[in-house]
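Same chain, two partners: chain A is paired with chain B first, then with chain C.
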Partner chain A sequence: MVTLVRIGIPRALLYYHYFPLWETFWRNLGVEIEVSPPTNKQILDLGVEAAVPEACLPVKVYYGHILTLAQKVDYLFVPRLISSQKGTYICPKFMGLPDMLKHCGYNIPAIIAPTLNARHGKKAWERSHLQAAEELGFNRRLTQFAWQQAQRELASYHKELQAGRTPVDILYQRQPPKPTSRHTLLLLGHPYNIFDEFVSMNLINRLYHRGYQVVTPEMLPPKLVEKEAARLPKHLFWSLGRLLVGTANYYLQEKSIAGIVHVVSFGCGPDSLVGELLERRAKKLAHVPFLLLTLDEHTGEGGLITRLEAFLDMIEWRHVS
Partner chain B sequence: MKAYLGIDLGSVSTNFFVMGQDEEVLVNIYLRTQGNPIKAVRTGLARTQDELPPGVTIAGVGTTGSGRQLAGIIVGADTIKNEITAHGVAATSLVPTVRTVLEIGGQDSKIIILRDGIVTDFAMNTVCAAGTGSFLDRQAERLGLPIDQFGQLAVRSSNPVRIAGRCAVFAESDMIHKQQLGHPMEDITRGLCQALVRNYLNNVAKGKAIEPPILFQGGVAANAGMKVAFEEALGIEVLVPKYFAVMGALGAAQLAQRQVSNGAETRFRGFEVSNWDFHVSSRHCHGCSNCCEIVEIEAGEKSLACWGDRCGRWSEQNPAQIA
Partner chain C sequence: MKVTFPHMGYLYVPLRAFFSQLGIEVVVPPPISQDTINLGTRYSPEFACLPLKINIGNFLQAAELGADTVVMAGGIGPCRFGYYAQVQKEILADLGIHLDMIVLEPPQGHWRQLFRGLKSLAANAGPVTVYRAGALAWAKLKVLDKLAKNQFVIRAREKVRGSTTQTWRIILDLVDQADSVQAVYIAAEQGQKLFDRIVLEPHRDVLKVGLVGEIYTLLEPAVNLEIERLLGEMGVEVVQSVYLSNWVMTNLVLHTFHLRNDGEHYQLAAPYLGSFVGGHGLETISTTIFYARSGLDGVIHLAPLTCMPEIVAKSILPQVSVDEDIPVLTFMLDEHSAEAGIQTRLEAFYELLKTRKQRGHKNNIKQIKNESTILGRKSIIESLSWH
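Then we have the complex of A and B:
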C-alpha cells in the first residue's frame, strides 16, 4: 500500500508549458500536489541568496520557489529538461537543474527528476515519468492510466492555447479585458519571463491596460512554428529560441501585428543571439517596431515603464499620420 | 496671453520651459536637481513666475523625465510623458526634417530615429550608465576642471590618448594611468570624449541607421569635445540646438499645448505651489509578501498621491491623470 505523499511543483521555468501534464499525472495517482505561490519579493530574495551568482534571473527565481516548497512537501518535482524535439536543446541550466539543486547546500526534500530527452526516443519522456512513479510504489497499470489522462489534459491545454488564450488565462482561469485598440502586439519571450507577473513587472497586464490585444508564441500550432523557424539559413538548435523565431517569422509575414516586445533575462546566452536575429528580421521583413526589454534583479520599474510608454507612443503616432 | 509650461525633472538637472501660443520662448531655466527633486521643482516654479512676462497665463502643463510623476503631481500636470517622446517632439519642432537625435542626459543616454517627423525607432542604454553626464561630471571634478571648460580643453588637443570607454570604472583607471605617464590634460579629456562616443555608438546606437540631420541634445551636448568626437566618428555634421539642455522641457511644453488644444481646462495648481509644504514619506506595505515600497506625497495634511505598489491597492486611489 502506498502512503499518501505530497509533491511540490515550483511555479517557475517550464511550469507554464507543462503544468497540466504534471498535475494530472500525479493527481491521478492520488498524490497531493503543492504548487508554490506566484513569485513575490520573498521568493526572489530566497533564490538570489541560494543560487550561484552567475545563474540567470529565472533560475534564481526557481531556487526561490524550491526553497518555499521545501518545508511543505515530501518530494520536489524537478524534471530534467534536455530536448523536447530531436536536434533541439533546452538551455544547459535546465539540464543541470536537478543536480544543481541537490548540491545547493540547503536542506531540501528528495528530488523526482524524470528526463525529457528526444534523443532517447519518443517514449522516453513517458518511460521516465512511469519509472519515477513506480519508484514511489505505484504499479504499472495505474501509472499508465495516469499518463494517458495527463497526455489528454496536455492536449486540451494546447488546444486552448491555440485558440488564443495565454497560459495564465487558462491556468488561473482569467479572461483578459476586451481590447480597445485596433492594434495587436506580439509579446515574445520565454514563458517564465512573460507570464511571471512579478518578474515581468506586470508587463502583459500593462499592455492589456493600454487596450492592446496581445499574442504570444504559445498560441501558434507547433508545426507552424517549426515550418517558420526552418526558414532560417542555418539550423537553430535552442528549443525556446526556435519557438521565438518561428513565431516572429509567422507574424511578420502575416503583417497583422503593430509591434513586437521581446523580453529577455539579463545574461541569457541563447537570447543574446536570438534577440539580435529577431530585431534584424523585424526591421527587414516588415519594418515592425521592436522593443527589447531586459529583466534583471533590480525592482525599479522606472526603466521598463519609460521604454514601454515610448514604444507605445511610437506605435500610435505611426498610425495617426 | 496663453502659454504652456514644460518641466523635465531629471536625475541631474530640472528644467523649465515656457512657450507662448506661437511657440515663442518665454522662459528657459536649467537647474541642478541635487538629489532634492521637490525643492528643485519649487525653486524652478518660483523662478519661472519671476521671469514670466506680465499678462501671461499658463494654459497647460506637461512633465517629463525620470521624476515626471512626482513633478506632475506637485504642479498638477495635464500630461505626463516619457522623455523619449518628449525629446522626439522637441527635436522635430526645431528641425522638422531631423532624422537622428543623440541625447545624453545625467544618468541615461538614448538615440531616437525619426522619419518624416515620426519616431520610428529608439534605444536607451541598458544596465550600464557609463558615458552619461554624471560620469563626465565626476571626472571633471577629479581633474579639478569646471565642467564647462572640459569640452573647450578637449577641442584643443591634437593628439588624443586612447582610453577604454566600455566601463566607467575601467575608463577612470585608464585615465589615471595616462595622467601618471604625464600625458597633457587636453589629450586625456579628448581621449575620454572619444571613448564615450565609441561606447555610445557601440551600445546605445548599435544597429541604428544614423542619418543626417543629426541633433545632439541633453546636458552633455554642452561639451564641445563630445560634439567634435561624434562628428569625427560619424563623419557627419552634428547640430547642437540652441535649447539643447532643456529639450525635454521644451517637448513637454509642446505636448501640454496639444493636450489642452481641445479647449480643456488646465489642471495646473498655480505658481503658489512653490510655497506649499510638500512632504514625501515611504513605507512598506504589508498587504502581501511582495512588501512593496510605497511612496506617498502630501501637501500639508492632504495626501496627493501614492505610488510604488504592484497591485494598485494604493495607487488606484490617485487622481485620474496619473496612470
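Then we have the complex of A and C:
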C-alpha cells in the first residue's frame, strides 16, 4: 500500500464541470483531497500577483487557488483540458495551463496533469488518469475500479444538471429560492465566471433575490445544444463557445425567457468573437433584452449592480406596458 | 470581380501577382496607417485581437476604392483566426458594406478543399494559368524573403542611417512590378546590387537579436512600429523567426500532403510546454531556446495584447530566459501602442545586452535567481530588462 498522499484540486475553471469525476476517482483510491476554499480577495490578489498581467481573470483566479493549495498538499491536480468533443478545443490557455503553473516561478508541489483530448478518443482521458494514479503507486485493478465509480458519478451529476439544477446547487447541496416572478432569465457565461460567487459578485443570487427563475447553459441536453450550435455558418471550434451559442439560439427561438445576461471575462479570446456574434444576433432576431457584463480584477461591484438593476427594471417595465 | 485581401507585411506583392495572373482585378488596400487602425478599431469588438481589427480597416478602405470581394484564409482553431472571416462578415454586413468573402480554409489533409476555394475565384482559368500564377507569386515571395534577410544584416552596419530602408522600398517596388518569373529573378539581382552599394561600417560591433511571437505582429511593420528598422538603426542585426515562404510551405503545402514536421519544435519546447497551444505559442518557446543556444544576444517577443497562445508563451518565457541565460523582452501590442514607448524600452534592452556582451556575460542571471526565492522570475526579468 502506498503512503497516504494529499492532492489539491483548485475550485476554479472547469471544477464546475468535472469535480465529481475527480473527487470520486481520487477518494476511491484512498487519496486525501484538499479543495481550495471559494474564491476570496486574498486568492484573487495572489493570482493577480503571480500570473502575467495580460491573462484573463479566470486564469489569474486559478493561479490564486493553486498558490493557496501549494503549502498544504503533496500534489496539485491541474488537468490539461484540450478538447472535450471532437473538432473542438476548450481554449489555448487551458491547453498550456499545467506548463504555465509549473514555470510560474513559485515553489509549488508537483503537478498531476492528465490530458483530455477528444482527438485521441475517450479512452485516452481514462488512460491518462490511470497512468497518473499508477505513477503514484496504485495498482491497475484499483485504479480501474475507481475510474468506473468516477464515471458513474459524473454521469449522474450531468443528469442532475440537465434536470435544471446548477453546479453550485448540486456541489454545495443548496436549493434556490422559489421564484416569485413569472419571468425566467438566461444567465450565459463560462461556468467559472457565473458560478464563482466572488468573481461574479454574487450575480446569480442577486437574480434569485429579485424573484427570477434562472436558467444556465449546463441545463440543456448536449444534443440540443449541438443541434442549435450547428446552425452557425461555420463549425465553431470552441467547446464552451458552442455551449453558449447553442443555448442562446435555443432560448431565442423558444421565446420563453425575458432577458439574457451574458458574463464575459475582460480579454477572453473566444468570447471576444462568440460574444460579438451572440449580441448581434440577439439584437436582430428576437428583441430579447441583452446585458453584457465584463469582469476583470478592477470591476467595481457598485457599477455592476447599478447596470444589473437598471436592466432588470427595464425588463419589468417592458412587461407592464 | 475586384478582389482585395488583408495586409500583412509584403504579402501584397505575391498576392497582387497571383490574382492579376488569373485575370482578376485587384484592389490592394492602402498601406496600414493610423486611419486604418482607427477605422478598424471603431467597428470591431473591443477585445478582438488586433489583426482582426486592422483587417476590418483594410477592408473598409479597399471597399472605398471599389473592391467587392475579400479573399482571406480560414482556420480550424484553437485560435481566433479561424473565425475571423465569420465575424468580419457580420460586422461589414451590419455596416451595410457588401463585400463577398472567399475564405480559403486550410486543407485538413484534403488538397481538394483548398482547390475548391481557389476554383470559385478563377472559374475560367485553366490549370496552366493557375499554375503560372502560383509560380510567379511563389518566386516573388522567395526572393523577397531572401532579400529581407539580407536587409537585416546590412541595416545593422549601414554608415548612413536610413539608407537600407530606402533601398528596401525600391526593391519592393522592383519585385512588385516584375511580371514573369524571369523578371522576378532579374529584379532580385538588381535589388541585391542596390544593397551591395550601401556603404557599410564592416567592423561595427553589432548585437544579434531574434524576433519571436505571433506572425502578424512579427511581419507587419505598421503594427510592430517598425521594430526591425528601429533595432537595425541601433546597430542590432535582427534574426526573424517567421518568413512568409516558410509559413506557406508548412501550413499549406506540407500540411496538405501530411508532410508537416513540427517534431523539432515540440522536442525543444517539451521541457517547458507539453502541448500545442494554437498560433505560434509553441514556436515562440522552441525558437527562443534555439536562439539562446545559437549564441544570439537576446530575444524580443511580439504579440497582440490579448493573444491567447502568446499569453501562454509569455507565462513560460521567464523560466526559459533564466535556464537558457538569454534576456527576453516582450511587447504586447494594441491599437494604442506608440513608437515612443517602444523606443525607450528598446534602448534600455540594448544597453543591457551590450553590457552583458562586454562583460563576457553569462552568470549574472543565475546570481539574481539565487537571491530571489519565491517572487522569482518576474523580478528577474524586470531587473534584466531595466538595469
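Here is the rule we go by: the second predicted complex is superposed on the first by the 320 of 321 C-alpha atoms of A that agree within 3 Å, B and C clash if a C-alpha of one lies under 4 Å from a C-alpha of the other, contacts with A are read in each partner's own complex, and residues count from 1 in each chain.
Everything below uses one rule, namely that a residue touches a chain if its C-beta (ideal position, glycine included) is under 8 Å from a C-beta of that chain, and two chains touch if they have at least 3 such contacts.
Since we're looking at a predicted model, the values are computed, not measured.
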Exercise. Who does A:Pro92 touch here: chain B (first), chain C (second), both, or neither?
Worked result: second
Exercise. So, A:Lys223: does it touch chain B (first), chain C (second), both, or neither?
Worked result: neither
For this session: Using the touch definition from the top, say if A:Arg141 reaches chain B (first), chain C (second), both or neither.
Result: neither
Exercise. Just chain B (first), just chain C (second), both, or neither: which does A:Asp296 touch?
Worked result: first
For this session: With the two complexes superposed on chain A, say which partner A:Phe266 touches: chain B (first), chain C (second), both, or neither.
Result: both
For this session: Determine, under the contact definition given at the top, whether A:Lys123 touches first (chain B), second (chain C), both, or neither.
Result: neither
For this session: Based on the superposed arrangement, let me know which partner A:Lys178 touches: chain B (first), chain C (second), both, or neither?
Result: neither
Exercise. Between chain B (first) and chain C (second), which, if any, makes contact with A:Asn107: first, second, both or neither?
Worked result: second
Exercise. Looking at chain A, which partner touches more of its residues: chain C or chain B?
Worked result: C
Exercise. Which chain A residues lie in the overlap of the chain B contact set and the chain C contact set?
Worked result: 266, 280
Seminar exercise, completed: The residues of chain A that touch chain B in their complex are 37, 40-43, 198, 201-202, 266, 279-280, 287, 289-290, 294, 296, 302-303, 305-307, 309-311, 313-314, 317-318, 321
Exercise. Chain A touches which residues of chain C in the complex?
Worked result: 45-49, 52, 74, 76-80, 82-87, 89-91, 94, 272-279, 281, 305-309, 311-316, 318-319, 332, 373-378
Exercise. Contact residues on chain B for chain A in the complex?
Worked result: 66, 81-85, 116-122, 124, 126-127, 207, 288-292, 310
Problem set entry | chain A residues within the chain C interface of the complex | 51-52, 54-55, 80, 82, 88-93, 95-96, 98-100, 103-107, 113, 115, 232-234, 236-238, 266-273, 275-277, 280
